[in-house]
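My questions all concern the structure below.
Chain IDs A, B, C and D follow the sequence of writing; residue 1 opens each chain.
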Amino acid sequence: MARIGVFICHCGENIGGTVDCEKVARTVAGYDGVAYSIDYKYMCSDPGQSLIKQAIKEKELTGVVVAACSPRMHEPTFRRACSEAGLNPYLCEMANLREHCSWVHEKSDATTEKAIDLVRMLVEKVKKNHALQTIKVPVTKTALVIGGGIAGIQASLDIANAGHQVVLIDREPSIGGHMSQLSETFPTLDCSQCILTPRMVEVAQHPNITLYTYAELESIEGFIGNFKARIRKKAKSIDEKLCTGCGMCITKCPNKKIPGEFNEGLGTRTAIYVPFPQAVPNKPVIDRLNCTYYTKGKCRVCEKFCPTQAIRFDQEDEIIEIPVGAVVLATGFTVKDTGFFPEYGYGKYRDVITGLQFERLASASGPTFGEIRRPSDGKIPQKIVFVACAGSRDPAKGIPYCSKICCMYTAKHAMLYQHKVHDGESYVFYMDIRAAGKMYEEFVRRAIEEDGVNYIRGRVSRIYEKNGKLIVKGADTLLNAMPVEIEADMVVLATAGVANEGSEELAQKLHVSYDEYGFFSEAHPKLKPVETNTAGIFLTGACQAPKDIPETVSQASAAAAKVAGLFSKDELSREPLIAVVNRSAPPLYSTCVGCFMCATACPYQAIEHEEIRDRKGQLIKTVARVNPGLCQGCGTCVAFCRSKSIDMEGYSHEQMYAEVMALLND
Amino acid sequence: MDELRNKARELLESGAVQMVIGYEQGTGNKTRAVFVEDPVQVPRLIFDSRCVQNLAVYMTKAEVRKKGKPALVASVPVLRSLIQLAYENQIHDESLVVLGVSPDLKLIEFSNLSEIENYLKQYTLEISIRDKEILQKLENMSADERWQYWTTVLEPCFKCYACRAACPLCYCTQCTVEDNRPQWVPVASHPLGNFEWHIMRAMHMAGRCTDCEACANACPIGIPLNLLTKKIVMDMGKSFGDNGPSLTARNPMSTFRPDDKENFIN
Amino acid sequence: MALGFYPGCSLKGSSREYNESVLALARAFDIQLTEINDWNCCGATAAHNLNKDLSFALPARILALAEKQGLSEVLVPCAACYSRLATTLHELKKEDGLRTRISEVIGLELKASITLINVIQLIEKYVLPALDGRVVKPFNHKVACYYGCLLVRPHGILNFDREEEPQTMDAVMAKIGASPIDWAFKTECCGAGLSVSRTSTVSRLSGKIITDAVDRGAEAIIVACPMCHSNLDMRRKSINEFTGSPSSIPVLYITQALGMALGIERKELGIQRHFVKVEI
Amino acid sequence: MAEFEPKIVAFVCNWCTYAGADLTGTSRIKYATNVRIVRFPCTGRIDYMLLLKAFGEGADGIIVSGCHPNDCHYTSGNFHARRRWIVFRSLMDFMGIDVRRVHFSWVSAAEGAKWADVVNHAVANIRDLGPYDSYKKLAQNTEREISHG
């Protein structure tokens, strides 16, 4: 026989002023199964709580209903109170007499009647409650970080420094990402590589970090705390243990004319190569698509000259499987190339380049050693035009969103140009200047006022080549759309930042959602900015949306903090309010008939196949099982299951049924 | 006919199957299911237009299963049910041998279920014009008239569950009507209980029903309860483009499209 | 092959040679063109700036008449007419309310079921497939294909070719032996909107077009729009005065160029009507 | 004779509509007292059988409400629910159940005012329709089930 205690809170005047709490208490006391019923001024106050605790002990209550404010407010409070008094917290329910009753109705009998109904509902529900234990899931304290740009580097270091293991993978031969390509960084103009490379080295040397470059995620399964990741280590064609990184092979490689990715095609590299001098690891890989041996079947010059015989032409891709507890997505972004813009010549003009290419020109480690020389003939451009919002904020032809970083780096580019080419003329076409950030606006003003960059508010309608000049046609909207035509030597398009090729596939592998542009979606735009909708998978940096370095770094640290939090315990405990597939005695074992049509209803892939076998290992039947680690407790499967074989703790069939019945039978 | 019998005999003699499930002459002009385990019994097998019972129902019955691998005489409606059962993990290629019978009573042999699926592509599931008209007639009534109609039609139902027993897709080991925690549907056959049972049955058929009409044929007092499932089959097609069983993708009730159309949610 | 035909005012007046060459081409590939009875002005280009309903009503009447005549596909050679008709058709299809209202205004039933094609589409669809072995005088000249503003815009409505860098004319010309040049003014404005009111502007804008074409070695400019043609051809004198570098580069309708390649009589194509002598 | 006061049961999801109703409270927006809220984790959990039960037990009207499409706390529970409602509502209507008495809505956690509107609108509308006698009649002389207690 149930012994329910009901505790009605006046919440001062908040409830008491509108609802006749004594009457509620009196009426409820009469319901069968109610062993104790009392009203009190403030149930959440210490005396209020001890009132409950006391009653639990003295009246040997089997369930508690606190009729007060919204459970979204104080459910944890009262459940804690109950467990302190030795009652399983999940035997405590709340009736919402404040938000749903006293605050929304006038003082009247009807209001009190409603209050009584609400309490009765919960009394009937709590009779069907049963003790639940929080779910404990073991945690593998290793984080997989995908992507070795500044985001991945920062996240890895933070997690590693918190004392946890990190596996960092990058599909390129070296970590560093886009930041390693940048010349100077806004708004301080400090050299990008100078601040980045020490971090890269730190990653390589950190005892808690295992680094796999030239590696990609093959597949992943499992759930928070218990993922199993399969990683493809692409064949580098060298024995990393033997290779000393002396670089002999690179100097000897006859195949020297390959456009280099690191220099955005403005420089060349060999077939066996390290992307850039400060690469980490600083050991070469063979680009098999361009290597003469792999394409034509002969050469092997590098092998001949390698002092340590480290070349391995027969090396094959290796798949390794590692258990991880959390994943951090830091795969970054890319920029649209100039070929995207018909009106700017479909990429056919060599001196129309992207911002990223300009970074390489301006970088001391770049193909021009930091001198601004145009690709076509290596001349120093006397007149240069920067086009902001190339593709961004252009629903008609490009991307509707703002790429966020272009305003700043365009100002930086113009500034760098003016610093390097003193007699040069620079123009910036812009829509608006979005320089929200510490020292950002000042930075842009400096470009305009001190370095004399000409800012023109208007868009560029066309760029075409005419006797060696690039004719840039636009309008100055501040001079009532007066047509502007500039004969430039070089044009830099601040092309839109977009999601990486294949980001969708990766998202699908990981079951994280992504937006229409292919950027990964955070779990909540405001309150869960680094979580994904899949527990245990976090994201950081430009794979979520274009963002600059400071923002990326802080987001990376945020993601790392989440991971460290997750790893701070050996087990993670979760609310046990999840779905369960029933089990019963043989020969039935479960009323589940294993049609598995529920599987597609689950947003979390939590429905698994469980094979029930006899002692001889003979398969008796296959039924559904809900993985408690994955289930988030939405209950969609519960309402879908025809045979009612799935039920949900805390919102069970019996509980919901009882509530509805209680409500109407009087 | 002969080719069916010959095939049946061959299967039994070769031991490829332990039993052939087909039709035989019943009392009066009726046909009934027959379970032939001994080759000499093969002549009992018949097939003609009267053979409408959906034999796929036996595929999920334990007492049939334990007799070993059966061969099943299957006309188009039965084939549909088999595909749906396969999609719901109740049968697989090895579960049975299918003796298909085309609408013009020719024997069609299938070596696996996907062959059946392909064969069915020419018979996509759609409600007949005649049925559509009947449904239309009901839809044209006022809500009250419909209420009257159904309460009167369902009133005599005494919950014998013949409809459930005859339906190949009602194979749950414990039906919700037997679930008493809570007692979702009253045991007794009174108006409310009848109503709830039939709504629930129809809902459970949503996105699964193959419109074989076994339920209605089985009803001893001729309640046109397949009108409910026909209505659902039609809605499924209209609302979610569902067009019948498939081995890989037929689950309209536990999948969705973000742009599903509806006009009643404010 | 039978098509509806809406010539519009230009083809009956200032650009008769366009009309003649279109008809000549049609004859050559036995395409019957049925002119829409009692057709009226399409409203280009003034109406849509003045009165929205009027700007829809005028083309709508043309469409309605075509429907009444049982025409399903209608050829509209004039780029301006094409733009107006296509825009109207687009709006009518989009908005039933508008369709019924306009149909009341014009007092005609209006289904908006017509398919419209411009001259280039005509060529792609009905001429090129039958072209093999028909070219007797390959048009082996460097040509600048000039699309102007109306032929490819607004892309959202016409969705024909690439709005910034159209290619179809170039492709057609290449097919008859010409070598289209890569130039920058394919879709620049020739000033048509001001060809009467502000001729100096026309000279400036058209001047740039011609200069670029000439500088890049073009021997002829190929067009598919009466406005473009009259500006580049008829106004050449004032253009030359404006640019100060007189040019005699001829301006041909694509239909004329095709006709010449097919060996059709120059007279039949109305070539002699041009202000700038065609000496190729 | 006093005006008819309909009994209305509201099946709502915890994350949007329930929270929205909380907001109605915190913003002290007043609405009719006829509605009793039953809290579910998600619209995906709402069992259509419970709607029938509510009518069977004498409810005059029902409100079903949850997160707007794409706002589901569980990403897709409401999408599944929507499909269920499309089919179930059509079936109810086909069987002559008065679907005007079932009010579906999306109410987000920020739409406190909307919740008040939803309730008031439903109450007014169902008050006009009067008590759901036809269904009550059906339910009469139905013995109470054992499992209520």
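Just so we're on the same page, a contact is a pair of C-beta atoms (placed from the backbone, for glycine too) under 8 Å apart; a residue touches a chain by one contact, two chains touch by 3 or more.
The structure displayed is predicted, hence computed values, not measured ones.
The chain pair with the larger count of C-beta pairs in contact, out of B-D and A-C, is B-D.
A centroid comparison over C-alpha atoms places C as the chain most distant from subunit B. Separating the CA-averaged centres of subunit B and subunit D is a span of 34 Å. Chain centres here are Cα averages; for subunit A and subunit C they lie 52 Å apart.
Centre-to-centre separation between subunit C and subunit D, using Cα means, comes to 62 Å. Inter-chain spacing, taken between the CA centroids of subunit A and subunit B, is 47 Å.
In subunit C, no position touches at least two other chains. Among all residues of subunit B, those that touch two or more other chains are 176, 181-182, 184, 253-255. Along subunit D, residues 48, 53, 76, 80, 84, 147 each make contact with two or more other chains. All chain pairs in contact, by the document's touch criterion: A-B, A-C, A-D, B-D. Residues of subunit D touching subunit B in their complex: 48-49, 52-53, 56, 69-70, 76, 79-80, 82-99, 103-106, 118, 134, 138-139, 141-143, 145-147. Looking at the complex, you find that subunit A touches subunit D at residues 32, 70-73, 96, 98-100, 103-106, 108, 110-111, 113-114, 117-118, 121, 513, 533, 577, 601, 603-604, 632-636, 638-640, 648, 650-651, 653-654, 656-661, 663-665.
The part of subunit D that touches subunit A in the complex is made up of residues 5, 7, 9, 14, 18-19, 21-26, 28-31, 33, 36-42, 44-48, 50, 53-54, 57-59, 72-77, 80-81, 84, 116, 144, 147-149. Subunit C contributes residues 156, 162-165, 182-184, 188, 212, 215 to its touches with subunit A in the complex.
Within the complex formed with subunit D, the residues of subunit B that make contact are 138-139, 143-151, 176, 180-184, 186, 188, 190-193, 195-196, 199-200, 202-203, 206, 228, 231-232, 235-236, 239-240, 252-258, 260, 262, 264-266.
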